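Which chain is which? They are A, B and C, in the order written, and residues in each are numbered from 1.
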Amino acid sequence: MFEATARNRRNRKVEGLLRLLFLWMTCMLILPVALILGVLVVRGGPAISWEFLFTQPLDNMTAGGILPALVGTVWLVVVALIASVPVGVAAALYLSEYAPDNRLTRAINLAIINLAGVPSIVHALFGLGAFVIFFRFGTSILAASLTLAVMTLPVVIVATRESLQTVPLAFREACWNMGATRWQTIRKIVLPNAISGILTGVILEVSRTSGETAPIMFTGAAFFLPFLPQGVLDQTMAMSLHLFVISTQVPDVPEHMPFGVALVLISMVLAMNGLSIAFRVYLRGRKKW
Amino acid sequence: MSVPVQASEAADYAIEVEDLAIRYHGKPALSDVTLQAPRHEIFGIIGPANSGKTSFLRAINRMDLMTAGMEVSGSVRVEGRDVRGWRNPYALRRRIGVVFPLPVGLPLSIYDNVALSSLLRGTRKKAELDVIVERCLRRAALWDEVKDRLDSLGSLLSGGQQQRLTIARALSQDPSILLLDEFSIAVDPVTTMRIEEVLSELKSEMTIVLVTNLVQQARRLASQTAFFLTGELVEVTETEAMFEGGAKDPRTTAYVEGKFG
Amino acid sequence: MPELAQAADRRDAAWWIDRMVQILVLAGGLSAIVFIAGIFVFITREGAGFVFDRFDFREFFGSPRWTPTSSHNPTYGALALIAGTASVTGLAMVVSVPFSLGAAIYIGEFATGRVRETLKVLVELLAAIPSVVWGFIGLSIMNPLIIRVFDVPVGLNVLNAGVILGLMAAPIMTTIAEDALKAVPDTYREAAEAMGATRWQVTFRVVLPAARNGLVAATLLGVGRGFGETMAVLMASGHSINLPTSPFDSVRALTATIAAELGETAAGSDHYGALFALGIFLFLVTFAINFAADVFVRGGQRKHRRRGRRPAASANP
């Protein structure tokens, strides 16, 4: 009896210690980043003003604002979305609604995993070899966005597929039994109930796309181009590359500027991500069956 | 229209099944089924769980096309035509209404649940749809409960109401064959009785296959009854005979007398 | 009756539309294969000239001399670059694997309710920080910090890039490892607890061994992420060609070399081809890593399924 309680007490103590250890480990992942973000806010915050956001860079990028980079990132993201969302949703529909369990399906899944896993610089080489050179788009928004689209395709596919799978099989069977075709079932029942989940995935893709640097370096983003792009065949500046350029390639940049750019970029990305998460939480709370 | 040779002979049977066998991923679920269901009658199927009753229904409306690993061999003829000869299996399913053991109210409005099949066929006129919706809901004994909230979600109704909604939806297809799979599991006894009355009336318009876990239900409604046991058709007999000691197989007698199952 | 049935059996508009949609979405699915094959084809196409004419296996993998711009004797030894990538990735894994697994265990096995949800969201947000921002952090925050703390002349080195890369890879590894823990059926835990095991005994003796494949996959994907990371390594590692002997040596990674030099090469030159050859090497290695991770993930799923856990209902029969 006594022995048992002693062992119990010891066990509980070990458990408490382990719990603390793992909590500490979790914090060690999160706290340094929180600290770093704090530094970014403190040192980049003063740089940010309407003028900083909405004017052209001046004096070889050592003064002025970041307007062309901001606008360029919007261009890149929008064109990439136009290219990747339809393809990604189609692929997810195939995998979730049509694909039989066969070798082809496994090959598609493996291809998706690898698209997500190939280094971004290899995507850049692909974009250069395929879109810039082979398809003769030149270094342009089109080539850069297509590169980004291929790279972020798995984000859309995975989010869409997960969202489609939350719609119970019983609904599909009920429709099929009525003589609805697969597509009628998808259009009337599956998509309307999965669309918000798909949207969450799209927002996530926006976040991913706007932060990428390597894939656009050689395919369409310019170091310094103090004009706004007029069409998809123009080159453009971009936020991510701009941060790289003014923090490593340009001499005599006042310190607050790269911090300001980093802060704007990370705010964009985290805001998009936060939006996507909030949306997901909201959806989870809503019951339709 | 060309007249099929077997028309005169086949016309008396809505469903003819010969040497039907069903496997899932190679594992047999049902084998050696041969039976005929006469037109405009209720054909009962009884048997304990896992005896292949549901698989049998899925073979009739070609759900094997939508089910991974489900293989069907032998022949199933609906209205004299082999179901596997249909070039458009969706059109076949439109002629066959199905009601499942667990109710499925689609996440659409109650109105749209019932109007869906007409909508998919291209009926757009509101007046026409209104008539169909009301008629089907009335027949499924649901109209009075939901007539004031037709635009609320069908998937949020109670289980019993959803089951009647499912029946209304199946009737909205205007089917020539109605497959019912243990519909009374999710419905209270009073509603069950009301639906049973409806079924007796419906048989003048359509052939009904009634899979049931309640042997007495088969006795009340079916003219012929088949007994399935562990993936095998034991026998098909006139219902009255089966329940009054006339079963050909002792296992059937034991089952209808409640000795197992 | 058969006439009626025959009349009903028409391939109507709905049938044709369904067929067309089926072909369309199949094309979408196939596009993933087309793209991954396209990546290989196009980088090989650009790198082929170099690989067939100039490539020397012994030099590439055996020499640390990467001097593609030398006018009299350009050499293409990737050993130092491989060593740079390996040292940074290795350090990153040493830093992040224990912490990621620890965090996954805390989130998956100890934390509950709102704490758990919050931690998961935070980890997800960490994974979203762009790599160029990480590079900038290495450059402008870690660099002076390392110089001050360790009293070294340069703070852009293996240590800096390794820590940055570790922080970058950790969220992904945590998420995947936590998924692997979640995939262990609760019946395992309940059975062990019923026998009187405490929570940590359950975790260490039952859950971790059962999730082993998934944890290996998580680590592999972390390695893949570190191996392929470009901007952060480019900006934080010091970017000088070196066989590192200490964490305070500057190095240069494979990915960073491509990013830094590609802009200054003429298309079709040996140097240009050599950079694509590095790309082919990166592609093949990450492909192998991802493939291995996938095999481990599948192995893990099969194991639980075999022991009586019902597989998730496939949405598509």
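Criterion: a contact is a pair of C-beta atoms (placed from the backbone, for glycine too) under 8 Å apart; a residue touches a chain by one contact, two chains touch by 3 or more.
None of these values were measured; they are calculated from a predicted model.
*Asks:* Hey, which pair has more contacts between C-betas, A-B or A-C?
*Replies:* A-C
*Asks:* Can you tell me which chain lies farthest from chain A, using the average of the Cα atoms as each chain's centre?
*Replies:* If we average the C-alpha coordinates per chain, B ends up farthest from chain A.
*Asks:* Report, in whole Å, the distance between the mean C-alpha point of chain B and the mean C-alpha point of chain C.
*Replies:* Chain centroid spacing, chain B to chain C, equals 52 Å.
*Asks:* Any idea how many Å lie between the Cα centroids of chain A and chain B?
*Replies:* 48
*Asks:* Starting from the mean Cα coordinates of chain A and chain C, work out the distance between those two points in Å.
*Replies:* It comes to 15 Å between the two C-alpha centres.
*Asks:* For chain B, write out the residues touching at least two other chains, lowest number first.
*Replies:* 66, 68, 90-92, 94-95, 120
*Asks:* Which positions in chain C touch two or more other chains at once?
*Replies:* Touching at least two other chains: 14-15, 18, 314, 316-317.
*Asks:* Do you know which chain A residues sit against two or more other chains?
*Replies:* Residue numbers touching two or more other chains: 100-101, 181-182, 184.
*Asks:* Sort out for me which residues of chain C touch chain A in the complex.
*Replies:* On the chain C side, the touching residues are 14-15, 17-18, 21-22, 24-33, 35-36, 38-39, 42-43, 45-46, 98-100, 102-103, 105-107, 110, 119, 121-126, 128-133, 135-137, 139-141, 167, 170-171, 174, 198-201, 221, 224, 227-231, 235, 255, 258-259, 262-263, 267, 275-276, 279, 282-283, 286-287, 289-291, 293-294, 313-317.
*Asks:* Which residues of chain C touch chain B once you look at their complex with the stated criterion?
*Replies:* My answer: residues 1-12, 14-15, 18, 314, 316-317.
*Asks:* For the complex, give me every residue of chain A touching chain C.
*Replies:* It comes out as residues 11-12, 14-15, 18-19, 21-23, 25-26, 28-30, 32-33, 36, 39-40, 86-101, 105, 107-108, 110-115, 117-126, 128-130, 133-134, 150, 153-154, 157, 164-165, 167, 169, 172, 181-184, 186, 207-208, 210-214, 217-218, 240-241, 243-244, 247-248, 255, 258-259, 262, 265-266, 269-270, 273-274, 277.
*Asks:* For chain B, which residues count as touching chain A in their complex?
*Replies:* Touching chain A: residues 61, 63, 66, 68, 90-98, 100, 102, 104-108, 116-117, 120, 153, 155-156, 166, 169-170, 173 of chain B.
*Asks:* Quick check on the complex: what are the chain B residues that touch chain C?
*Replies:* Those in contact with chain C are residues 1, 3-4, 6-7, 10-11, 14, 39, 66-68, 70, 78-81, 86-88, 90-92, 94-95, 120, 176.
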